[in-house]
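Should a chain be cited, it is by its letter among A, B and C, assigned in written order, with residues numbered from 1 in that chain.
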Amino acid sequence: MFGFVPELSGVVGLLGYCGIAVFAVSGALDAARNRMDILGFMLIGTATGLGGGTLRDLLLGLAPVYWVREPAYITLCLVVAAITYFVVPFIDSRKRALVWMDAIGLSLFSVTGTQIALTAGVAPLVAVCMGVMTATFGGIIRDVLCGESLVLGGRELYVTAALAGASTHLGLVLISVPDDLALLGGFVVALGLRSAAILFGLKLPAYQGRSGDGQ
Amino acid sequence: MFGFVPELSGVVGLLGYCGIAVFAVSGALDAARNRMDILGFMLIGTATGLGGGTLRDLLLGLAPVYWVREPAYITLCLVVAAITYFVVPFIDSRKRALVWMDAIGLSLFSVTGTQIALTAGVAPLVAVCMGVMTATFGGIIRDVLCGESLVLGGRELYVTAALAGASTHLGLVLISVPDDLALLGGFVVALGLRSAAILFGLKLPAYQGRSGDGQ
Amino acid sequence: MFGFVPELSGVVGLLGYCGIAVFAVSGALDAARNRMDILGFMLIGTATGLGGGTLRDLLLGLAPVYWVREPAYITLCLVVAAITYFVVPFIDSRKRALVWMDAIGLSLFSVTGTQIALTAGVAPLVAVCMGVMTATFGGIIRDVLCGESLVLGGRELYVTAALAGASTHLGLVLISVPDDLALLGGFVVALGLRSAAILFGLKLPAYQGRSGDGQ
């Protein structure tokens, strides 16, 4: 059904590398909080950096997945995680650094994931789903491997920001804005929303249960 | 090795849509128990509804998976989850509704998963495995995303019912019963077994450990 | 990009069967510790035995995965898990048996996973990643399904042993050692390292957090 997606170049490719590096740092920071050894840093960093795109490629039928075709992505994660291992003692607040790295990676992947899916020829609704999954799955893997409760439950506008970024990018592409500008627009919207949510503790109104709920 | 599975029509297709909708409701009900926002309802509902068939398609090599080829499945889950969000305050017992929705979805997917695998040309044993996985994986995803202990451990005859439904369907197909009747037969067996297990607390005899076990 | 991997024969195929059987036993032993019924033994045993190779095949784009092409692998896991169910009361220490079965499976899969990836034509770095993933993913599935904390966190030189086995095998292949000898060499290194780690409690030096870390 779909053709093969060539190695992405230009702005999407560059943003993709940035997103992978940033997520690899977030994974390594989580390894630090769990006092792992340097192999643990590399393992969690690599899984976090490559996880989202791996799921996207599998679901789109683009296997072998991108880092099997281009091992430089693995090298990038390993190097970044190793550097983080040695830099981490000089970071004042690991948790805050993790949250912000994660926010930047989430915003980057929300637009690159959507763009790659569009390039593969899927319907707009599917492309947005792929953007959201690419953006959130790395963090899910990181949380599962580190034995933490999932990001999806408590965090402020986490999925919402990914959805906003993916939708904005798609909308801009649909009204014929050039791809690079659309990528930038979606990224700014996602990061702005997630940043505001982190800084001011914004959440969507949750379902209000009744007493005796959950029974 | 396998040809492409065309969009399924007729009874299998219809039962598939029903199973997806019912699992999406069960996911949304679990989101309600966890007091998520409406996006959380949609996310858990969609992941629960589409998860089983996604794993099946990936393992069978039918990527891009079915909801990438046919986005209507995503729309169905989103709409059903959103409706559940607004209807949920009027449901008396969320937990009981969840258990029964899950039982219906489990029974439907145990036969449709088996049938789709048979259509793809796999061996009978593989088809039964696919039926059981399609039936149970959505619930596993739901439990993981909602941070609950897995369905597999404690629940009464959960995997057993899926296995019984898949085996019955396969057996009926092998003795040349028409597909539609075989689907119905397997569904009735699975739902009957799971219903009886829920109502009367049936379980298979568990392995009896000795004192000091687990050491 | 890659050709189809034919059913593996010779030493790799044999070691693969051994690894699957050994992991299936480890899964069944974990089911025993969780007092599951015989179906639970079969389910956990099969998922543990087949999980690592399934992930490897999916990522390499070798779908349908190997046990869909060759159902004998499923039968092997089911039979081994059922036998374990009846033998388990005669095993003195289930936990120790589980740890050692897991160590043997880890060592076997670290070399067979690497070899299969090399046969599929991937780059050396990717092949080592595939070896490590094939070796560790079955244990991850087992732990998740049994609701235990992940193997990766606490266990002694777990990922390290898999990495050492995969790297040794790759290194020997690269210097033109015959495949069978390379497989044996990697296996001995992995098992030796993991055994020493189990017996003497070896660990890599962990990152030393500061007071107030994790904040």
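Basically, a residue touches a chain if its C-beta (ideal position, glycine included) is under 8 Å from a C-beta of that chain, and two chains touch if they have at least 3 such contacts.
Values in this document were obtained by computation on a predicted structure and should not be read as measured data.
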item	value
Fraction-based call for subunit C against subunit A, same above half, different below	different
Superposition of subunit A upon subunit B: rotation angle, C-alpha, nearest 5 degrees	120
Centroid spacing, where centroids are CA-atom means, of subunit A and subunit C in whole angstrom	28
Set of subunit B residues in contact with two or more other chains	58, 63, 144
Complex interface listing, subunit A residues touching subunit C	31-41, 43, 54, 58, 63-65, 67-69, 71, 74-75, 85, 88-89, 93-95, 144-147
Sites on subunit A touched by subunit B in the complex	1-2, 58-61, 63, 122-123, 125-126, 129, 144, 149-150, 152-153, 159-160, 163, 203-210, 213-215
